[in-house]
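Below is one structure, written out as structure tokens, with a few remarks after it.
By letter and in written order, the chains are A, B, C, D, E and F; residue numbering begins at 1 in each of them.
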């Protein structure tokens, strides 16, 4: 596949550097497996506070308040 | 309407949790009124500092510096 | 609330002009109700083919193939 | 990892349904491997014409015109 | 400035290849002037139909219907 | 060119207000040179930590760790 992909990942705040790194590594591999050269892949991980992420009409901070 | 909407809202930094919550609730209702089930709607609110938001070639922090 | 919002709505292809218009009108009203002047609100509706929208690891075109 | 990810993938126009499907499947697996339930993952693939994708100051359509 | 920028430009449908090319060239130069190597800059131009772009609560197709 | 552009610029964290301002000014000029009225242009600069920005399968924080 001849393409230069840009990937924006949006997740809840608090994933930390290790998880961010793993997401970057693994998503890049998805494209390498499609014969895209590794150096061409950019993956940008955006963290968003759970108070600002709505699902089903409620902030995730409220909906999932008993989870961490 | 058969669709799963994802909504990204970009606003200036400082809106706070209560406003974020209200934006989430009200935008979700917009889609419910279009017969989309509430649980299918995701609304993500991104805050951006006014120094990083340009309008008319100037940062909002400068253009609207007498407002709060 | 003093802010200029930009809203990007992503939906499945095929909503048509009337629905796009209604989404624009109603989301703009959400911000007007928060005392943001109407002229400051931009709402951009992006349609994405169901073949290109994944949910639960499957394209929506496959997962929801019996719906229209 | 407790999170609901939204992934926007931007690629050059012409990847087709099969590649889009594979990208959806494989990126979803990346998150499953991080213990995120499959049903919570949304992956949206956006195709952009090579004439509208700039790299190094040139449209990809021009820079890579001898490739397909 | 040490940074790899990704720029997403959203415009109304119909700008055509020449304008897209010029936007790519000129925005890349903005970053070159900030000492960012040209090859590191990606600029992606997204066209959106005027019927799907809301400003002041109305689709641009309606608000600006006497302009082309 | 008759269009209202919205530009999202993604850069690594740490550019500061002065650089953000310059990016806003210069990108706005790109559109003014295309006969778009200045007041119609919005440029939003998003900073992303280098730990969350992947290039070639590695976080930029790691790949470029000897640069600042």
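Just so it is clear, contacts are C-beta pairs under 8 Å (C-beta built on N, C-alpha and C of every residue); 3 or more make two chains touch, one makes a residue touch a chain.
Predicted model, so just to flag it, every value in this text is computed and none were measured.
Enquirer: Applying the touch definition from the top, give me the chains sitting in contact with each of chain B and chain E.
Expert: A, C, D, F
Enquirer: State the superposition rotation angle between the two copies chain D and chain F, fitting on C-alpha atoms only and giving a multiple of 5 degrees from 0 to 180.
Expert: The two chains, chain D and chain F, differ by a rotation of 180 degrees.
Enquirer: Among the chains, which is located farthest from chain D on the basis of C-alpha centroids?
Expert: Looking at centroid distances, B is the chain farthest away.
Enquirer: Does the chain A and chain D pair touch with the same residues on each side or with different residues, judged by whether over half of the numbers are shared?
Expert: Same, since most residue numbers here occur in both copies.
Enquirer: What chain is the most remote from chain C, judged by the mean position of CA atoms in each chain?
Expert: F
Enquirer: How many Å are there between the centre of chain A and the centre of chain C, using C-alpha atoms for each centre?
Expert: Whole-Å distance between the two chain centres: 21.
Enquirer: For chain C and chain F, let me know how many angstrom lie between their CA-based centres, rounded off.
Expert: Roughly 24 Å, centre to centre.
Enquirer: I'd like to verify one number: the distance from the centre of chain E to the centre of chain F, where each centre is the average of its C-alpha atoms, in whole angstrom.
Expert: Roughly 12 Å, centre to centre.
Enquirer: Could you say which residues in chain D touch two or more other chains, in rising order?
Expert: 4, 6, 8, 10, 23, 27, 42, 44, 46, 53, 55 - these are the residues of chain D that touch more than one other chain.
Enquirer: Write out all the pairs of touching chains, ordered by chain label.
Expert: A-B, A-D, A-E, A-F, B-C, B-D, B-F, C-D, C-E, C-F, D-E, E-F
Enquirer: For a test of understanding, state which residues of chain F touch chain E in their complex under the given definition.
Expert: Residues 1-12, 15, 19, 22-23, 26-27, 30-31, 33-34, 53, 55, 60, 64, 67-68.
Enquirer: Within their complex, state which residues of chain E touch chain A.
Expert: For chain E paired with chain A, touching residues are 4, 6, 42, 44.
Enquirer: Note which residues of chain D are touching chain C in the complex, please.
Expert: Contact set of chain D toward chain C: 8, 17, 20-21, 23-25, 27-29, 32, 38-39, 41-47.
Enquirer: State the interface residues of chain C toward chain D in the complex, per the touch definition above.
Expert: 10, 46, 48, 51-59, 61-62
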